[in-house]
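Listed below are the structures to be examined.
What follows is subunit A paired twice: with subunit B in the first complex and subunit C in the second.
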Partner chain A sequence: MKMHFGFKILCALLLMYVAIFAFLTPLSPALLQTDLSEIKPGEHSFTLTGYNTHFAEGNNALFLINDSTLSIPCTITEVMDNSHVRASVTMPNEIHSKAFAFVLNNQVDGTVFLESPMKVTDFTVNAELQSSQMPKFQHGEASFFSYPYQPIIMESIRNLMWHVPMWFTMFFLMIISLVQSITVLVKGQRDGDQTIVAINPALIRPHDNKAAMSAAVGMVFCILGLVTGSIWARFTWDAWWTKDPQLNGALAVFIVYSAYFILRNSIQQEENKWKLAAIYNIFACILMFVLLMVLPRFTEGLHPGKSGNPAFSQYDLDSSLRTIFYPATIGFILLGYWIYNIRLRILKIEQDHENL
Partner chain B sequence: MALSLFSEIRLLLGKEWKSEFRRKDHFAALVIYLLSTLFICYLSFEKVADGQTWGALLWVTGLFTSFNAMHKALDSSHHPQLLHLYTLARPTAVIISRCIYHAIQIAALNVCSLLLFLLFFGDSVLGKLDWGQLITGLVLGSTGLGITLTFVASLAQRTGNGVGLMAILGFPLVIPLLITIVKFTRLAIEGVTWASNGYQLMLLVVLNVLAMVLAYLLFPYLWRE
Partner chain C sequence: MKTFKHSLFFIALMFCTFTAKASDGMEEYFYSSGKIKVVVAVSAVVMIGLLYAVIRVDRRVSKLEKKLNSNK
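Moving on to the complex of A and B:
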């Protein structure tokens, strides 16, 4: 079998690039929390906690923004360190609405937000109210290449580069398996009017080997996807396992393909094995699409972009994530194909050895 | 091959019926199995407090009974007379007639199961139940199970270790159908309108059609050496 080295080099380079940048790219600065639990007219003093911010290195300007029409300047009383700052604010009696956000700006971090962190009481709401001019903000210099900060997900957003490509790779390998299974059936077909034509094993066996090995490697990626997903779920959804339709669908896919291998191993007669395994594989692959692409669309789940689209929408993936995510996907698909090729050659050597 | 596909199917179905009537103990055995399963459920649950459990229990019982029915089918298709007919008919007629036959059989068993449920667990949780939806669900669930399991039974039969492989091959394949039908039944018990149960209904129909198309396309490869 002639092998081409190009794709292996590409695969190794892509995965090295992904391994480095997936871990080293910083998260965008953000405001985490405040100890201010309630605001009413009058003076308040409070602490703001930031994440990856540089309060001590910049000229900070802090505002309370009300519905992006009214801005109330806050006075920074003390910069404790890069991620903690003390400030005070005097609230007027009249406000525009009850939606508040802290907005902090300096020349290093740019602008960071914290939306509606506290209870709003005792104000007169006046929808006509407006600030004569909104503050001007300066652009940050630190965050030119960083992952977006998402509450709850936070640093675990790096798992996107590992968890999601596993599923793409599994799909890729299972589709190879499906195509090879169909080939087994088509090439192994007997003549129309039931005259028995001997099937040439050399013609069918390679396709059966390919179907089995790609499904086997696909199952490994399925396990890896489940494991990375489980770790991610522990951090974001607070449980190792949840009742998410996609998660349970993935486990069902794993069970279906396990049944495929049990079926293969329980048949001794080779010709029979090829045919029956191919038929079951076609069922399994279509079931995979039903379980992972169709059913999650009709069930409420925890995965992003649910109820309509069981994947990432364009809003979830910003450009800095894309520059790592797409190479990661291609890299892992190539890796899956590479492992599949090696497994196939090992199997072929074993079979040749048996036939000697 | 003088007969059309349609009349072949009708002929095979007629033969299946006759063979079923000759062996009344088959169906009776299944009903006894159902009765004892439900009796065990009744004794261990004592009462079912909510619609979710009621619906799920109905379908879990239905699933096990269907598998049992298919085990019987694995034996009875060795019936010499039918086997002879199978060799004469075209494979698509065989698979369609067997699917129809088993769908009807499983639907009948599920109706028995429903009646026994009402007997044992009462209808206290079914206050808001939409009967039309429940019956539709029963029919679509039974046909889905019938088609999928008939195909899996034919596949398992060819391995020479039918009964052992039947459950391993069959259970994973009916998972999507089961998820959908349990949700459909739960919503029917909660008394939602047809429109808000529409997704589930559509999925059930799609899964049925998908199973039938796959069985129809793949069975000729499976059939006959």
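Moving on to the complex of A and C:
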């Protein structure tokens, strides 16, 4: 009945590890923007803004790359600080295509890219232009262990360690609830037509308690997942609530499980209550899987990793994120189970003393 | 009834957050230094939520203690 002490220690250690390294791991360096908005043949001077970069500490080499065949070297005129650099470039008359990207390399950051939307005018486009000698790049020291930089998400990629484990914990607790509900139905069966045989409440009540309590704790994690997701969405997708199928599916799951508690608490007669709640819970759990795992794959959504073959979704997660994300998931699942365990024990004491 | 009240409270809280109009100052604050403040807000919500769950458990235990003491 009690949770093993080792699991509690493991839970505390994992969550401490997550709380520290979710914040301390640096973000990979990246180029943010440039003030160069239009290029034509001739000389241009511009500034580049970086994020987490170390321009002042390394030997910078800056190139304007055209379709990975043509590299135009830029001269760095002034390094203002670690994240701002001034440079100039002389453009030739002939280019390969109209796609340009800045590539900056130094020994601290490694290589950083920027594909900036620029107006490209007055060039002769020559698709047969031969490849020039591509520059040799040095490997960076800083990019050894860091979270990947994503343009709009930026630092908020760390939310992965808080938002996503909430849903995993909810799934874990709801599956416990499902198993206990099935046990209620299996143990509460009567033999054939002999409906007079009374069912032993002591045999079924513990399972009903487990089903209800794990679903109740699962609801806490569902609410936390919704609220954290909403905050994250506001600063990534620019709205508190969007039409994303997974987001609305999560709200539907919340309402479905609310109905489970309303149903369970509205029936006075105990035997009916156990059975009806158990039957409804099986439907609710299946609905949860359909709404959160199946349906989002059939429609377009904003959540990453939901389109295409799920077997390839492993490539969505960087290995540096995994080393924190998996401990976070296990830690929160243990915490959820812990709270569920305490609530179950309290409920049992309450019931024992009502009957005295 | 108690659970229902708590659910209502949470639903109200959720709608408050979803319909809240973000002022310019708040937006500027959250977008500064690479959106790290969003992470702070999210982890704070997780901490407060779990703390609230633990406080509710604590209240149940206190109620139970009172009941057991009065039965003696």
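Quick note on the criterion: the second predicted complex is superposed on the first by the 339 of 356 C-alpha atoms of A that agree within 3 Å, B and C clash if a C-alpha of one lies under 4 Å from a C-alpha of the other, contacts with A are read in each partner's own complex, and residues count from 1 in each chain.
One rule holds in what follows: contacts are C-beta pairs under 8 Å (C-beta built on N, C-alpha and C of every residue); 3 or more make two chains touch, one makes a residue touch a chain.
Quick caveat, the model's predicted, so the values are computed rather than measured.
When the two structures are aligned on the shared chain, A:I39 is found in touch with neither subunit B nor subunit C. In the superposition on chain A, contact is made by A:H353 with subunit C only, not with subunit B. When the shared chain is aligned, no partner comes close enough to touch A:L344: not subunit B, not subunit C.
By the document's definition of touching, of the two partners only subunit C reaches A:E155; subunit B does not.
By the touch criterion defined above, A:I262 lies against subunit B and subunit C together after alignment on the C-alpha atoms of chain A. Touch criterion met: A:S230 reaches subunit C, while subunit B stays clear of it.
Once the two structures are superposed, subunit B and subunit C can be ranked by residues of subunit A touched, with C on top. Of the two partner chains, subunit B is the only one touched by A:L291; subunit C is not.
In the superposition on chain A, A:I176 makes contact with neither subunit B nor subunit C. Shared interface residues of subunit A, touching subunit B in one complex and subunit C in the other, are 258, 262. Every residue of subunit A that touches subunit B in the complex is listed here, in rising order: 185, 188-189, 194, 245, 252, 255-256, 258-259, 262-263, 266-267, 272, 275-276, 278-280, 282-284, 286-287, 290-291, 294-295, 298-299. Across the interface of their complex, subunit A is touched by residues 1, 3-4, 7, 10, 13-14, 17-20, 22, 30-31, 33-36, 38-39, 41-43, 45-46, 49-50, 53-54, 57, 60-61, 64, 67-68, 71 of subunit C.
Interface residues of subunit A facing subunit C in the complex, by the touch rule stated above, are 19, 22-23, 27, 51, 153-156, 158-159, 162-163, 166, 216-217, 219-220, 223-224, 226-228, 230-232, 234-235, 240-241, 258, 261-262, 265, 335, 339, 342-343, 346, 349-350, 353, 356.
The touching residues of subunit B, when paired with subunit A in their complex, are 155, 158-161, 164-165, 168-169, 171-173, 175-176, 179-180, 183, 199-200, 203, 206-207, 210, 214, 218, 221-222, 224.
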